[in-house]
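Note that the chains take the letters A, B, C, D and E in the order they are written out, and that residue 1 is the start of every chain.
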Amino acid sequence: MSTLAQEFSKGIFKENPTFRLLLGMCPTLGVTTLAFYGFGMGVSTLFVLLCSNIVISVLRNAIPAKVRIPAYILIIATFVTIVDMVLKAFVPDLHGALGIFIPLIVVNCIILGRAEAFARKNNVGRSIIDALGMGMGFTISLTVLGIIRELFGSGSIFGVNILGTSFQPMGLLSSPPGAFITLGILLGLCNFAFKRLGIE
Amino acid sequence: MSERTFVGGIHPSYFKDYTAGIPIAPARAPSQVIIPLQQNIGAPCEAIVQVGDEVKVGQKIGEPKGFVSAPIHASVSGKVSKIEPFNHSMGTPVMAVFIENDGQDTPFEGMKPNKSLEELTAEEIKAISKEAGLVGLGGATFPTHVKLSPPPDIQIDTVIINGAECEPFLTADHRLMVERAEDVVFGLQAFMKALGATRGIIGVEDNKPDAVSSMRKAVADAGGGYNIEIQPLHTKYPQGAEKMLIKATTGREVPPGALPMAVNVVNQNTGTAIALAEAIKLGKSLYERVVTVTGPGINKPGNFVVRNGTLIRDLIEQCGGLTPDARKLILGGPMMGFAQPTDEIPAIKGTSGVLLLTEEFVKDVPIAPCIKCGKCVEVCPMNLLPNFIGSASEKNVMDLAEKYGAMDCFECGCCTFTCPAKRPLVQWIRIAKGAIAASRKK
Amino acid sequence: MERKLVVSSSPHIKSPENIQSIMVDVLIALFPVALMAVFLFGFRALITMVIAMVAAMATEAIILRKGSFFGDGSAAVTGLLLAMTLPPAPPWWVVAIGAVVAIAIGKHIYGGLGNNIFNPALVGRAILFVSWGTHLSGSVWLKPVPFGFTADAVSQASPLVTHDASLGDLFIGTVSGSLGETSALALIIGAIWLFYRGHIDWRIPGGYIGIVFIFGLFAGGFSMGLYHVLAGGVLLGALFMATDMVTSPVTANGKLIFGLGCGVITMLIRLFGTMPEGVTFAILLMNGLTPLIDNMTLPKKFGEVKKSA
Amino acid sequence: MNLLAIIFVAILANNIVLSQFLGICPYLGVSKRIETSIGMGMAVIFVMTLSAIVTWLIYNILLAPFGLAYLRTIAFILVIAGLVQLVEMILKKTNPTLFQALGIYLPLITTNCAILGVAVLNIDAGYNIIETIIYAISTGIGFTLAMVIMAGIRERLELVNMSGFVRGAAVTLVSAGILSLAFMGFKGIVTL
Amino acid sequence: MELVMSFVIIGGLGLIFGGLLAYAARRFAVEEDPRVETITDLLPGANCGACGFAGCSSFAEKVVAGQAPVDSCVPGGKKVSDNICEVLGLESVASEDRKIAQVFCMGSKDIAPDKFEYQGVRDCKAAMMYSGGFKACTYGCLGLGTCVEVCPFDALSMGENGLPKVDTDKCTGCGVCAKACPRNVIRIISARNVKYVPCNSKDRGKVVRESCEVGCIACKACVKACPNEAITVENNLAVIDSAKCDSCGKCIEVCKRQIIKDLGKVLAVK
């Protein structure tokens, strides 16, 4: 049994959902044109993951195994709907930018995956830690990708101009093909770095 | 008569000038011959002589154990000194009969002329070719009497004599066609009679005009009312490969995995035809054959009649020895022949050539990645995809290798010859064939 | 025997051709095109080509760490081909980034020479196009000034936009356009060399140019067909890009299908799309389809009877 | 708005995977072999069409009239999860070979965002039922196309010596990027 | 009203689909043993095939069906075997014995000469096709690294001297390398087998002397020296029986060619 600290950090490094487990790729590619979008998506997902992990962990003995998947989905969908409403009410810009990817948090493999692999087997405390770790890992990944794409694709980070006005932005990075290529290269670099650091 | 050919193939440099003009001469009989008991595709022979026995030239010393097998005869007269395993050109040592030459060349009494061809029946011709130990002399060494015994439901209508000799360097068949054309025609007639075939074709690549004209003359001179034609063929490797030759001369395509019999054709080598002619006319068994000793690595190349079991070392000595830069010894031609680790290898029925290559031919160039230029696909006479078979075999993905046609490759070497990345495609294909055959057996 | 013999698998003789000699042949074939580009657009064209080639070769040398700058020559070919798809005088950093991207992403991510799925030069060009499209099209195209050798010429739109160039101009190349695409004459001379050396098959350019011509024919008659063949990048694409060995099918039928596919997509984009030119996208897409095409067009083995299934 | 345009845009110009980033997980996971990718593609086309029809009906008959649009995420995912499980059971019984080939990816169709995505996009675009069906089928075909192309590429890359760091997902993503670039050429051929 | 409708619709949908699923579950039921999946998860997942089945999942199927011994997963060793027993409710059967691969040849490049120069595919099996391999010793390691390529656990590496090295920490004794070696130079031995003779040559002493400096010449000095009769010479090759050996080390002292190795030491050094 690992310590809570390990439980938390594994989501960020060893089992980083984006770079190690390759989960939740759709929003990773879809919304990271700007760092803020990536961050927003990450936090939304973190919220849903946290809530659903708690609820599922609490109900883990009450839900019969046969219908657990539909039950989990229902729980997750409820929180997603809440997030949808909250974003719409408070940050309509972000809501518009994330668009269809908000309802699609429901089918983000990370959330169902953690429910299935972790929350249904562990107590509430551990599930919270797990959700925080995984959610943070996801948020960090998305934000990093967003920063890279925003920096070279628009010359700014979180909307703050960094590279000056003479910089000619590389349109590729803010276009769909650029999302794939950047993530692919980043993934390769990550594999390289992880190997070097001895994390496998 | 137009020149015919097949699709694919390559045009290597032919290097035939080393020996094309040199008449066939007898090679010195060595003081000891070492005759391996495996000299044909199929089952090996069993020795029927013992150590200490006296044998005569042409006497049978090995009895075949299976149907697809031919007997083996002594090539010198003298005493059997040893029977033990010895190096063989196919790699692993096999049982061999060692005979000390007494220098007398006493012929075996059993070798007597037969009846004339008109009087012989098909069965008798088959029996003669079997007793004389005839095998395909082109290199594949398929026992001749097996080829003369098609299943009853197949009627052979055409016999083709393979005078293409498409392998670079080799000139043994070429010289035979120039010097002994009438025996080639006689042998063909005997084949046609044995099979009841109505048509005989002699295919000759058009880079040998002297052979074409001498064969034409011999056909015109020959009697017997056989329907025989000479077909000059486009000079291209592998024109002499069985399936390609049949396609070029008759337009028929032998299906994958099938024998020429499937399209009512039998294919025989020039040397085999002459051997059959000698067996009928003189009763001579197959204990010697013509071998081209050639290549830039030998001092005095030539075409020789070589006794079965002569060590290659003896032959090389007679040809003035090796040049200082000779690095590779090949039995057969440069495209399909086998490189040998040593010159202590006996010449056998399938030895069509001894080729010595020099440093410049054996430079070990690094294997580059496949650039998918498709040149191997263009030249593959079997229409396979050698580049993909090679890559699949390299990565041990044998189901893909099979899909791209590994099992239909007959290893002509066109792909490897032409590959600009210098990839050892044939070797990979061979590995794949071995692995696929092994997995099929399971 | 005292000396050690060499043993290897048959065959024991090999053709003298190797990868480097093929790449040199391609460079030779591109020479008339390059010459014509300098002749039409002046020395800035030469500078563009040199930057692209040097950047490509340097990238490759750094990635491979083999010490040889020219190597097998494939990087030089990629660099030069990339330059051919660019306007005469884009900013130098655009050219350099394009070459680096072409070699690094187009080629070495896939494990280097022979393994790449997409034509590296076109990957480079497409990425540049998406990134800095303004430097690659429209107003930056120079009007060619034969014998001018001047750096400042009047800018002019592509003949694919204006549709007003004469067929003769298109053939000689005195129209605006990318470095390597304007002069049909030079391209054809280069391609003849490649045909002569046996490096390209008629099927890809034949299918490509044929289908472009037919589309043009239906769109606006014979001269329109010819116009579509000669204008823009079709000839450069059909003769030098689509025929790239690594990224095109190896089977005979596959090559024909590949050529036809390139032609159809090019003309779809030209006639109906928002972009005036579609050669890059057409060839890249067909590159992606190449493994499938190869798999679907396995040649009939010698002697094989067609299966009924 | 014409149906042909919907088909063209859904398959090529606005490919669900290459320009909309939906269904990436199965796209990366199942595109190793051409055969499986075709199988998976067929399953997706089927489920996608079925779920698009059902969700459209539910939205337009049950949710919209009662002003319960905000329930659509929950309702849709419920329906899709149920449908997928049904399909899974039926397939397991009737075609075990296909079931074997798709293995663990059938349950993953539930979490294939392309399915839910199409259901939601249909509503957002205000398609009628015919358009919905056409759009769903075409999107499924676009998904299959993208996946089969990638499977061809990956089968070839299997025989290649490449750095272990990029093998697998990384090189697949880069290839998808370049394919996505190539698909950009179709932009604007048909305007909706 | 809205609240009620929400309940009705979501609940109704749940009911309808729940009912459908319940019906389908019965109608299309497929018998499946959940233990198969559990056991598959327990296995190392290298699909090495050491158990004799096509891969980990097919081994799991067989083991549940009782068609495979529970301890046939070599890489997993005792731990996996015990876990499987637990799932299946059986008594633990595995022994503590650990198996590892060792290279039975010390004829490195400089010690065992080649008889000819081989050109072509750098793979031992490929090289074997040409005159039975290029090494003068027909039993020795060819050193082209086929074993290194196939090792699913990354435990083998090719040494500078042209002989493969076994990383005893990573080696699980699955035997994939032993199967791949065309000359049977790599063998799987018990890690308890403390002493062994790293030579594979079945040639007579005279032949061995000509082709290799470190081959076993079957002089039988070790046989005589061994107090426990643990050493025998079979096919011109000394073999040490691990069951009888008590690791006294006398054989090592008397070996004229200094080739008997102490695996205990090998493991310790590592």
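In this text, a contact is a pair of C-beta atoms (placed from the backbone, for glycine too) under 8 Å apart; a residue touches a chain by one contact, two chains touch by 3 or more.
Only a predicted model underlies this, so the values are computations on that prediction, with no experimental measurement involved.
Using CA-based centroids throughout, the chain positioned farthest away from chain B is A. The busiest chain interface, judged by C-beta pairs in contact, is B-C. Centres computed as Cα averages put chain B at a distance of 45 Å from chain E.
Per-chain CA centroids place chain A at a distance of 21 Å from chain D. Separating the centre of chain B from that of chain C, both taken as means of CA atoms, is a distance of 47 Å.
Contacts with at least two other chains are made by residues 339-342, 362, 364, 369, 388, 394, 424, 427, 430 of chain B.
Annotation for chain C: residues touching 2 or more other chains are 5-9, 105, 109, 111, 115, 127, 130. Shown for chain E are the residues that touch two or more other chains, namely 14, 17-18, 21, 25, 115-116, 119-121, 129-131, 134.
Within the complex formed with chain E, the residues of chain B that make contact are 91-92, 339-342, 362, 364, 394, 424, 427-428, 430-431, 434. Only residues 58, 62-63, 66-68, 71, 74-75, 78-79, 81-83, 85-86, 89-90, 92-94, 96 of chain D touch chain E when the two sit together in their complex.
Interface residues of chain D facing chain A in the complex, by the touch rule stated above, are 18-25, 28, 70-74, 76-78, 81-82, 85, 107-108, 110-113, 115-117, 120-121, 124, 163-166, 169-178, 180-181, 184. Within the complex formed with chain B, the chain E residues making contact are 115-116, 119-121, 123, 125-126, 129-132, 134. On the chain C side of its complex with chain E, the touching residues are 4-9.
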